[in-house]
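Next come the structures, one after another.
Below, chain A partners chain B and then partners chain C, in two separate complexes.
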Partner chain A sequence: MQEAMINRAKQLLADGSVDRVIGWKRGEFVYDITPAVFTSAEELDADFVYDDFTAANVSKYLVKESKKEGKILAFLKPCDTYSFNQLIKEHRIVRENIYVIGIPGGPKLDAERIKANGITGILGAKNDNGTLIIDTVYGEEKMPYYEALSVKCLNCKSKKHVVYDELIGEDGDILDSNRFDMVEKLENMTAQERYDFWREQLSKCIRCNACRNVCPACTCEKCVFDNPDSGVENKAATDSFEENMFHIIRAFHVAGRCTDCGECSRVCPQNIPLHLLNRKFIKDINSLYGDYQAGEDTTSRAPLNDYKQDDCEASIVHERGVE
Partner chain B sequence: MQRIGVFVCHCGTNIAATVDVKTVAEALGHEPGVVISQDYQYMCSESGQNLVKNAIKEHNLTGVVVCSCSPRMHENTFRKAAAAAGLNSYMVEIANIREQCSWIHKDIATATEKAIILGKAAVAKVHLNAPLTAGESPVAKRALVIGGGIAGIQTALDIAEAGFDVDIVEKNPTIGGKMAQIDKTFPTLDCAACILTPKMVEASQNEHITIHSFSEVTDVKGFVGNFTVTIKKKARFVDETKCTGCGLCTEKCPMKKVPNEFNMGLDNRSAIYIPFAQAVPKVATIDPNYCMMMKTGKCGVCSKVCSAGAIDYKQQDKFIEQKYGAIVVATGFNPINLDKYDEFAYNQCPDVVTSLELERLMNAAGPNGGTLLRPSDKTHPHKIVFVQCVGSRCDDSKGKPYCSKICCMYTAKHAMLIREKYPDTEVYVFYIDVRTPGKNFDEFYRRAVEQYNVHYIKGMVGKVTPRSDGKIDVQASDLLANEQLHIDADMVVLAAAIEPDKTARPLATMLTTQMDTNDFFTEAHPKLRPVESATAGIFLSGACQGPKDIPETVAQASAAAAKAIGLLVKNSITCNPCVAHSNELMCNGCSSCEKVCPYGAITYIDKEFRMPDRTTAVRRVANVNPAVCQGCGACTVACPSGAMDLNGFSNSQIMAEVDAICK
Partner chain C sequence: MLKISLDKLGKLFEAISASQTLYIPTDREDGAAEYKKYESGMKLSNNLNTLRSAKDFFFPQTENLVDFKMEGKNIEVIDVREESEDFVIFGVRACDARSFTILDKVFLADPVDSYYKNRRDHGTVVTMACTRPAETCFCGTFGIDAAAPEGDAACYSDGESLFIEAHNEKGQKFIDSVASLLEEGDAAKLDEVREKTRDILKKLPLANLTTDNFGGDKLNEYFNSDKWGELSQSCLGCGTCTFVCPTCQCYDIKDFNTGHGIKRFRCWDSCMYSDFTKMAHGNPRLTQLERFRQRFMHKLVYFPANNNGEFGCVGCGRCLSKCPISMNIVKVMKALEVK
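Up next is the complex of A and B:
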């Protein structure tokens, strides 16, 4: 796959179709893969990587990249295409300046989850019928494949690309992901249990802002958390209440726009299951206003931005919240 | 720092009986920026207003907080007072300590505490107030009347009389409404058709009135003086401009088994029909649910017999868009559905009818040509039982909590007419109370009892059972004699409650007007502004606002017309300066605000900005047209980046109020 992508990118650069390529390159470790922009065949040959550790969603980078001179080639996994569409809908990226190649997605591996099993010095990994064989500096290690998967891939909602100019590999289908199972578990808790759950999770927050910085729905010109006029700006968490509010404000901010790409939980260094906050909103929107998938298209009206005569009354929302 | 004056109103005892106003004035006097804090018995009176004016001058006030009734009541009063004293009107804030405090609390200590908190919130808001200046916008010199019953017709005639163009939108093929179905009118017993149909003709012939019959309002945009309305002219499959109303098609139409709505389904009409002889416009309409040509493609008789060539089976719904300065709602009422009233056997027995059905049975243009016959066997009924309050004054979920107001009088009318025409018929009326307030109303009822010997029995009917011999067993209680009665009646007439027309609620949503829990439109003030809705430029006419008889409806219709004319004569109206604006440095150009704006006030422009790294970039940012914006605030809550804000109700002002309350 990686070879095919590099070859196609080189072709498009060579024939002048695109001027730049956004993909990924490796950092210090084999699993340390970050988005990168390439401008030449040499750079692609040297650094371009796409493997089981390549999980980052490059859509958000296009907010800046697509406004530059020339055209950029973007490789998008199925989940990334939803973010891409949502950004088009919000007029945040310039579609004409982007050439999209759809590529097969995950499931992706999460090095942190492998390390959590006491396996270090990772040099590579491959799936062997449900067992992950990990090549390490200390020799070969094994662990269940499922346990090594990135959290965002555990409930994959779709293998279908909702937007592309061309595809490498096959397009897939929308999946029945059971992605609301954990949300339902939380809903079934008592208010106190749920409060305790979130207090425990959110108390781990170090307010590094990684979730906000990676989120494709968080592209404001000036974020409220960086704006002294907003009254909620702060770099460090001065008290626990504030970390809680940071995540709740953010969840409200992206409600109806979050495509459930899972990047927030993937990048969280404290492993807070932030995607569950967003999924709760998605689940509520689906049940109150009918099924809606942000980013599925670029023209539909988002339920929270649309007022219809048959919309449920606000009191229904209130009643649902009462224990 | 603002210099704020606080003025606490007693409102007689309305506030002062529950709120310790002196304590409120004293507590608010200690708030930052407050330089004077006073209480007074009636702040809205001239001397109360002078208190405010003098304080503004004497203490050089930059802001005013009045703790009084709802801002909907007297905000304008105090804004004017402030302006007269040289202070910008929008530096005045009202703390509602009456409707939201004294009226809903009993305990003086807690009510006083709450009044202080509400006052503190208003003071906190005034600190962030800025002077605002209102602009002007032009008024479209045309009115729309929605509903072509007697209310709509009267309103349209009065507006046209003043020289303004007015359009009537009526959902049925003809105007006339319920009054056209009524036989005689109380308390004078003159014929409804004789007084209504001339008005219908007058409306159709008036050069200023355009009637859109068989049409519906599908979309309303804009605001007072400047509404843009989309009207759907439903396909009637007959060219209105060609049809002469000769009626030959309705005679020749082979499909004659269509329940006739105008006669309440008591007889049949043809698939192509003219609702009644005096219909306006007198134009045929094809009912596509029954027309053989439309259903099977085989027939076409009407098309063949029509010498005017008016039949058009391919006609489509047509949409027209028109600008209006004022809109009058006259959507009227309907009797409630009686399906849930099994105890009265309405669905089992054809001789149990509603009062409106009885109107048709007694009407000369009705199914029996005016002779009262039982629907089941076409015989003369000799004993008729009237049941009052069927669904009215009802506290269960089947009925309506309110009094339908017209039933007592029309039942007295029915009873009297029957006794007059058929003296051998016994008439019983079962009632809870007989309510006859109105000019010559009680005299009318007394005549029914005393002169016509109608048996009025206080008590409710418990059960109506059709018997196999054709009689109807009416089981009831006589509360005054304290006994159970069985009456073997020939007919039972149910005075069904009336309710607003079902089209009213979606229309209210389109018009952004308020309704009560019964779907009656809410007036701007129940006593002082009874024909205006709370939404500027929308007026209320007739039973859409509450149950009404014909004289009241006509009076209100003319009142609504007067209000609409008062608006239409103006060349321009003062705009609300509390409009939205976007902070371009924060705007992402995401279009969320544009999507939620009900007035179409928001557009986007590409604008060049200097970026932090000394480059320039072109960004898409929201742009609010202040002449179109009505300050509803929908955009400010939809804006994900917090760039959109509302003058006079800024996000920071609202947060300051919340902070003051939570402190």
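Up next is the complex of A and C:
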């Protein structure tokens, strides 16, 4: 796949169709891959990589990149195409400055999950029929491939590309994922259990803002929390509940726009399952307003931006809140 | 050298915690290690290092500096400082132990930061030699020996026993306080353990990284390098690297209006943030390129320029593991280096 992508990118650069390519750049180890823009065949040959560890979603970078002169080739995985569409819908990226090639997606691996299994000194990793064989400084180690998957790939919602100019490989289908299982589990807890669960998780937050900064739905030019004049900007919590509120408020802000790409949980240095907050909103929107998938198209009205006479009444909050 | 059998570690922790607060690295439900206040039965983590660094003990993410209370036209200034209690941090790795030396250069230089000094004076750092360093480790680059850590006292494990050695008076006091549990051990075996670790360190992928071409006199070589654009291109501008870093020491001081008074607090700041060092005229670093450059120039050029050549990095590798886009000081050093 990687070779096919490099070859196609070189062709498009050579014939002038595009002048830049956004993809992934090889790192020091097998897993530390950085999103990068390439401008020449030499750079592509030297550093372009697409493998088990290229989990990063490059769609958000196109907010900036598509406003530059010239045309950029973007390689998008199925999940990335939903983010891309949503950004088009929100008029955040300039579609005509981007050439989209859809590529097969994950599942992708997360080195942190390998390390959590006590495996250290990682030099290489390859999948052998469901077993991940890891070459380390201390010899060969094995673990179930599934256990090393990035949290964003555990419940893949779709292998289908919702937008592309051309495809490399075959397109897939929307999957019948179990992505709401954990949300249901949380819903079935008592209020106190649920409160305790989220307090424990959200209290790990170190306010690094990685979740917000990586989120394709968070593209405000200046976030209110970065603006010293806003009165709410703070690098420290005034009390132990503030971090908790930050994440809940952010989930509200992206409700109906979050495509469930899972980048927030992938990047969280404290391993907080932030995507579960967003999935709760997605599940509620589905049940209250009918099935809706943000980023599936670029024209439909989002449920929370629309009004229908048979929309649920505000009292639903009370009815659903009764234990 | 004194030693204790590893299966008696629990007894050792009980003895320490009987007289002062003890913190040890312990595993969380997600497998990551973090320092926690010791409670009976708590197990020492097998992880190489904690997710957050040990700097939190001396330089916490937030702390109140002073309170102001307004009554009419009078402002009462309330000193909120309290004498810290004695505490022990057990199991600090060589990299984090060195980070305290670096923080000391900032906070204990004139004018002394009394908040920091208070905690530093009351804390005893008991280090633990590494035996299984990771691919992300490069403490050797900064002259740190993971097999022989600094600290007030150091521990070494040969898989059966824990050997303890004091480095100063504070460390000796610590050992004396638990002496009844310790027995005389044969230190010769330790040399074997150390050599084994040093052999592994030599084989690590970053073993050959050096600071030879960095330092206080390299401002002109690197400040205007055309590499910064490419290196910072994908930076998200989050604060992960700075907040997991054991040596990042920048902070902000702010006033919080409680409604009936003011709390002046300080909190970690990050040079990656858009309002970092914002002044009346605005922000001196307008784009992520300049913010990104600041972080690495500080560690590789400005800090050594002001601190007799000491670099502002200890090679713990946390930023290598945690940066959401996997950009880090190692990649910066390799890309920038002018030989």
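We adopt the following convention: the second predicted complex is superposed on the first by the 319 of 323 C-alpha atoms of A that agree within 3 Å, B and C clash if a C-alpha of one lies under 4 Å from a C-alpha of the other, contacts with A are read in each partner's own complex, and residues count from 1 in each chain.
Here, contacts are C-beta pairs under 8 Å (C-beta built on N, C-alpha and C of every residue); 3 or more make two chains touch, one makes a residue touch a chain.
Bear in mind that the values here come from a model prediction, so they are computed numbers and not experimental data.
Partners chain B and chain C, brought together by superposition on chain A, fit side by side with no clash. When both complexes are overlaid on chain A, the residue A:245 reaches neither chain B nor chain C.
Once chain A of one complex is fitted onto chain A of the other, the partner contacts of A:305 are limited to chain B, with no touch recorded for chain C.
Taking chain A as the reference chain, the count of touched residues is higher for C when chain B and chain C are set side by side. Within the superposed three-chain model, A:28 lies in touch with chain C and out of touch with chain B [touch as defined at top]. For the superposed model, the angle subtended at the Cα centre of chain A by chain B and chain C works out to 120 degrees in steps of 10. Shared-chain residue A:267: touches chain C; no touch with chain B. After overlaying the two complexes on the shared chain, residue contacts for A:220 are found with chain B alone; chain C is out of touch. Residue contacts after overlaying the shared chain place A:37 against chain C, while chain B stays out of touching range.
In the superposed model, A:207 makes contact with chain C only, not with chain B. Between chain B and chain C, the minimal CA-CA distance in the chain A superposition rounds to 6 Å. Looking at chain A, you'll find residues 222, 227 touch chain B in one structure and chain C in the other.
Against chain C, in their complex, chain A makes its touches with residues 27-29, 31-37, 56, 61, 111-112, 115-118, 120-123, 136-138, 206-210, 212-214, 222, 226-228, 233-238, 266-267, 269-271.
Taken together, the chain C residues at the contact with chain A in this complex read 30-32, 46, 48, 51-52, 61-62, 132-136, 200, 203-206, 230, 233-234, 236-240, 243-244, 252, 254, 256, 265, 267-270, 273-275, 278, 320-322, 324-328, 330-331, 334.
Residues 67, 89-92, 219-222, 224, 227, 229-231, 253-254, 257, 301, 304-307, 309 of chain A touch chain B in their complex. For chain B in complex with chain A, the touching residues are 506, 509, 585-592, 595-596, 604, 617, 619-620, 638, 640-643, 652, 655.
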